[in-house]
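Below are two complexes that have chain A in common, paired first with chain B and then with chain C.
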Partner chain A sequence: MWLSPSLLLMIISIVTSICLVISSPSLFISWIGLELNTLAFLPLLLSKKSKLASEASIKYFLTQTLASVLILVGGLWFLAPWGGLATLTLLLGLSIKLGAAPFHSWVLSIAEASGWVPLFALLTIQKINPLLMLWMFCHLSMPFFYVVVLSSLIMGGLAGLTQTSVRSILTFSSINHVGWLMTALSFSLSVGAYYFLIYLTTLLCSILIFHMFNVSHINQLPLLSFKPSNQMLLFFALLSLGGLPPFLGFLPKWMILQLTVSYSLLLVGGVMISMSLVVLFFYLRLMFSAFMMGGVNLTTLSSDPLPFPVYFVALFSITGGGLSMIYFL
Partner chain B sequence: MTVDKYLYQKISFFLINFMLVIGFTGVFLSLSGVSIFIEWFLGGSSMNFSLIFLFDSISCFFLSVVLCISANVVWYSKSYMATDPNANRFILLVVGFITSMAILIISPNILSILLGWDGLGLISYGLVIYYPSSKSSSAGMITVLSNRVGDVCILLSIGWFMSVGDFNFSIWALLSNTDFSIWVSFLVMLAAMTKSAQIPFSAWLPAAMAAPTPVSALVHSSTLVTAGVYLLIRFSFILGESCSAFLMFISIMTMFMSGVVAIFEYDFKKIIALSTLSQLGMMMFAISLGLFEVAFFHLLTHALFKALLFLCAGILIHGVGNTQDIRSFGSLSLNFPLVTVCMNLANLSLCGVPFLAGFYSKDLIVELACQYSWGIFILLMMFVCLSLTVLYSVRLTYLSFVSAYGGGSLVSVCETDYSLLAPVVILSFTSLMSGPVLSWLSFSCPTLIFLPTFLKWGALFFVVSSVVIMVSLQRLVYFYMWGTVKKFSGLMWFLPWLTGQWLTLNTLKNADQFLKIYDQGWLEFYSSKGISMGANSMSLFSLKFQHNSLKIHFLVFLVWLFMCLIYIL
Partner chain C sequence: MLKFILMGSCMTLFFSNWGVAVTLLFFMAFVFGVGMSGFGLGLVNLIQVDLMSYFLSYLSIWILAMMIMMSFYVKDHKSFPEVFLGLGVGMLIFLLVSFGTSDLLMYYIAFETTLIPIFLLVMGWGYQPERISASYFLLFYTLAASLPLLLGILWVNFTDCSLDYFFLGQGAQFSNPILFWLMLLAFLVKLPVYFGHLWLPKAHVEAPVAGSMILAGVLLKLGGYGMVRVVPYIELSLSEFSSFLMSVSLVGGVTASVICIRQTDCKSLVAYSSVAHMALVLLGVVINSSVGLAGVVTIMISHGLCSSGLFSLVGMIYERMGTRSIILIRSLITLAPLSTLWWFLFAISNMAAPPSPNLLGEIYLFISSIGWWGGSSLLVGGLSFMAGAYNLFLFVSTQHGTDSFLSNSMGDCSFREHLVLFLHMAPFILLFPVLSHLFL
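Now for the complex of A and B:
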């Protein structure tokens, strides 16, 4: 389905928008890239063909357009001598685009309504452009930056505590990760890119497993396959996403914590650590219900929902292809 | 049913051989004045840890006495525990006990002393609860918990040693400027007091007589309870003035209390336990005077004749049909001639009759105490306790051998079992000879005693007069008077109740309050449940903005925008 001409065109447009944003000399060309991104993503949301999906795509379009308006206005205010105001509005618009708290309320309803692949794209690919613009224009010295980062971390952690749908849990975890990403980007581009790539990998594995098992709610987790290897796979994928050593997801978090401490941003570091505990708690709660019941007994190997390539993806995303050897250096 | 038909004999033989080796080593070491340290050095560059064994003349003598007693006890228990179905467990526990005691004796290092000490406490618990009855179980509980207090004190002093630098206290004995504070001496003294059942902790020793008799002979007469005294002898460099004064008071009170209680006691083994307690008080008294070698000498001789006493008691108890009440004994000298002889030997040497073992050690303590004395009250109390010892020993002898027979009629009062008698005879020979032999080995020259005449004759006068008093009391006057004193002494001055039921009742009441109101109540509310409820309520609050209304989302964005604009402008 994803290689059909219409959707292929949209995917290529998204890639083009990323190239536009990276390589643009001015803010207005980047804005064009952002708009292209929004418009190209809408058919991906509509790929599910249900009334809920069209509602979600309308919400997405309206929110992203508002954010783009704010970005444009902020960019324009650079020409007038209102520098502080400009960066503030720019940061506001970019935060709305990212889905960072306190502007995160739109992500949840869209995430609930979309399929797994659009969800993955929403949570990762759609974040590339705003993050790049963030790196270009906004800096750690702004107080509002701190507000966004801290509230993203806290909201992502605490609001996810009472969620029962798997999609909303992943949404709130991505809001938490946006906090980490923004801090990473404020140090340097390579750190941010590193964190982003690893986040993409770990999230890919988790979403792949949820997609294969067609699990949308915490009620459905006890019905996972009885094979311990499948349960273990999901468990480790979620733990890697949560950033538990010795999995892959711990490495970027470690790096960012070390940078945070060496730059003496101790409040941010402390909030990061405590909120990652909360995030890890709701991942574990997911798997707790899966482990308690034991699941459905699959007797024939051919009806195993996980095709073999998933294990390769999991290998890389959980262990980083042996990247854990870095601990022994 | 044992695994091997000759198991007990094999173990006993091994122990005898080991004892001979250690005994000769001890003689050699004491004559040449050499100490042997055997050290295993573990660890490499950053961590240095060494396991050291000290073979000193003191440790070799003590170890050989312990091994001699345990060899005899194992041989004795071959026939004593022959009808018991759990004899395997018994012999395993006894062997474990001997191993722990050996570890305790040969270690100059407080960590390995803790190994032996804890092993002793645990295994003696296993031995006391050997018979499955509720009396044994409560006796075992009070034993192990009293010993546990001593373990805690040793653990605390380990922490202290860690800060001073070295765990081997044999090094500190040589230095003159040790910076040990008074707390370490207090802790070590407290540990010795719990093990040797001095006054606050003396409830467990008579209660532990619920164990089988060979166990009492090995554990509660010579090895476990003397571990505390041995610890104090090893830590002799640490006892200062105030600790010695405290220890003197405690030991005198213990001697007095156990002597008084033993006069009114009717359980055979408990009387012997109380006599052990009073001799332990005598040893602690000697330590508090600073007479460490004499206390050690008394420890060795006392171990031998007390084990002998317990073994004879076992034969008598078996004889009158497994009852321990002394009122069912009587006129047993007609049927147990050999046991009577050995038991009399042990009792007389306990009293300090001249030229038996007790005379060499106990009389030496008495005379040296008269020389070193701290005041007239101490001296008076010591003589009173001497006479109390004689009183209860004579009462014991009279009631079991001389008075009219008070037991049942279907009993088998005979001494034909050689494996019960042979250890008794061997131990009696050993204890006869141990007095002079050990005094010639331990003290290179005789001690000079310089006393006025009445003090010199004092001990002998008190002994003889006590014999006369007790015999006349038993024959002429009936013991009906002093009802309150009887009750007071019969319940052992209420010490078991004080450290047992009263303490646990009050503690449990408080503990119940702590558990229900604090731990499962308010602490849950404030810490775990409270935090989770707070986090959940925050999460629910944030969900109020998640209503599916785009207008509210955009309003939130615009409100933030205006707030920031107002802040900037």
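Now for the complex of A and C:
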């Protein structure tokens, strides 16, 4: 099913739209890229046949259209006498597209309804376009940008505590990561790109594991008879996503914290630090239910060895940080 | 130092064979000890060893060997022995990195990393279901305090452009109170000082014997070591806050020892005694004199060996009787007379009786604290008295008394356990002349 011609077309369209946004000289062409992206992503959401999925795709379509309209209007307002409102409107549209905190509700309902692969695309690849435009037009010196960053960090951390679905937990963690990403992008594009790539890798690792074992709820985890090595893999992957020091996920966070301290943005730095603790807390809750399998031993659920790519990604996601630490030894 | 870190990494090849692992650890310790002959301050390629980090690295290799020898039950019960050994060796590698590195940020990274193995040890091999909340406490208390440390370190890095110990205190002197607490809070919780100590007795009670040994033996010392390293950056504010910290340390130490004596669980008694001892370490760091520093190092090393020995004794009893309650463990002298000698030796060492280097450290610290303010002699005296009281209480209530109904079929120490206890006690006694010679 995966490489049916139509889906291949959609995937190619998404890549094209990203290329369009990256290389466009004008805001209008970028906007066309965003629209192409929306249209190409809809069939991916619909690849899972259920009522929930069609509802989710409608929600996706409506929010994205609203955001696109705001972006287009904001772009046009650059020429208007009230041009000061232009970047604000643009930022509003882009925040909706990113799923940053005050505008994040749509991501959750779509994440719940989609499969693991579309979810991964939604949380990572779909963010490339708006992030690039954000880098071009907005900056942390804007008060509204500041508010969006802080509320993404806080909402992603605190609201994730209430969730029991694995998809929602990953979504809230991605909202938290959006806060980090926006801060990174307001420093420089390369830091943002670095953060994004590492976030993509670490998320890929845990999503692959959830995908392989088809886990979508926290109380399914104890029923899977994981081998201890797989448990460790998931544990380390989640810690890496949470950004605990020896793992790869710590590296970009370290860079960004260094930059926030250098620019004396101590409030943002403090919120980042405290919220990464909260995020780590709900990752660990996910892990505890996976570790506590000792009592339950359902041999009917097979524990096949994970396919090789998972180990490869996991190895990179876990040891990448350690390898880069050798630099200091 | 790098060769020991690499040696530790190579040990991961021997996960299945515990005998080989222990032998390798002793080999490492031997080479480490021989290396002392050509020993000064080595500073090679960002790996630095001075007297304090040398002793603490040595201690971590030693305690790790002890802890593996003490937990052969993990191997016998086949409860994931490879993972257990892997966690231990992983912890050793990062301990060596943290004591050996000369870069503050690298120290921080290794400091955080050692949390993960101890967290997994408590959660995976602990005894009761309460180990979940205990491991949560352990992880989040230390993380919540040490993530701000990262901000502080990056702040210093931004201002000084270097975090190398070589330039320690030669850059900008900070008098910012925010930076002061950012830098110190992590170590205060890790040490733990009273008020930040709640995670420790919980973690100790739930941890397996190996976890308690390494936690009390080495991991708490990471806090003291880190404090000694960051103090040069924050000396200006230290003089401002020293009265506060001294009060916390002295009053907290006495309170911890008073709490200690009313524990009914042997393990939590020993855990609270660590809190009381670590209060002395904070005292030495805050006084910030050379005698104080000598006391800090001496107390850290001797407490590492002594409390690890006490935890292994408690673990032995727990393996045989299935309880650690002081009410139920009684009259061990009739059942296991040989172990009574060990109980006695470790109890008097913990109360700083003469042949133990604990005494040396306490003398250093008492001298410097009374020099700081004569009135502190009252609290310091209370600390010393209470140490005697709770250790006697521990010894008398477990070894003497009427027969317990639980203990009619208990064997004495096995050869392996005697060896473990001997290897705690022998270096401990031998360290007295070494330490008194080195620091004065």
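Just a few scattered comments:
In this text, the second predicted complex is superposed on the first by the 311 of 329 C-alpha atoms of A that agree within 3 Å, B and C clash if a C-alpha of one lies under 4 Å from a C-alpha of the other, contacts with A are read in each partner's own complex, and residues count from 1 in each chain.
Methods note: a residue touches a chain if its C-beta (ideal position, glycine included) is under 8 Å from a C-beta of that chain, and two chains touch if they have at least 3 such contacts.
Small disclaimer: the values here were computed from a predicted structure and weren't measured.
In this superposed model built on chain A, chain B and chain C take up the same space, so to speak, and clash. Shared-chain residue A:83: touches no atom of chain B or chain C. Applying the stated contact rule after C-alpha superposition, one finds that A:261 touches chain C and leaves chain B untouched. By the touch criterion stated above, A:159 is placed in contact with chain B alone, chain C being left untouched.
Using the contact criterion defined above for the overlaid structures, shared-chain residue A:92 touches chain B, although it does not reach chain C.
Using the contact criterion defined above for the overlaid structures, shared-chain residue A:232 touches chain C, although it does not reach chain B.
In the superposition on chain A, A:245 makes contact with chain C only, not with chain B. Taking the listed stretches 5-13, 41-49 or 59-67 of chain B in turn, the superposition on chain A shows a clash with chain C for 41-49 alone. In the complex of the two chains, the chain C residues touching chain A come out as 2, 5, 45-47, 80, 83, 94, 97, 101, 103, 105-106, 108-110, 112-113, 116, 120, 123-124, 132, 136, 139-140, 143-144, 147-148, 150-151, 154-155, 157-158. Taken together, the chain A residues at the contact with chain B in this complex read 59, 62-63, 66, 70, 84-85, 88-89, 92, 96, 102-103, 105-106, 108-109, 144, 155, 158-163, 278.
Contacts from chain A toward chain C in the complex involve residues 228, 232, 235, 239, 244-246, 250, 254, 257-258, 261-262, 266, 269-270, 273-274, 276-277, 280-281, 284, 288, 291-292, 325, 328-329.
Taken in their complex, chain B has these residues touching chain A: 535-536, 538-540, 542-543, 545-546, 548, 550, 552-554, 556-557, 560-561, 564-565, 568-569.
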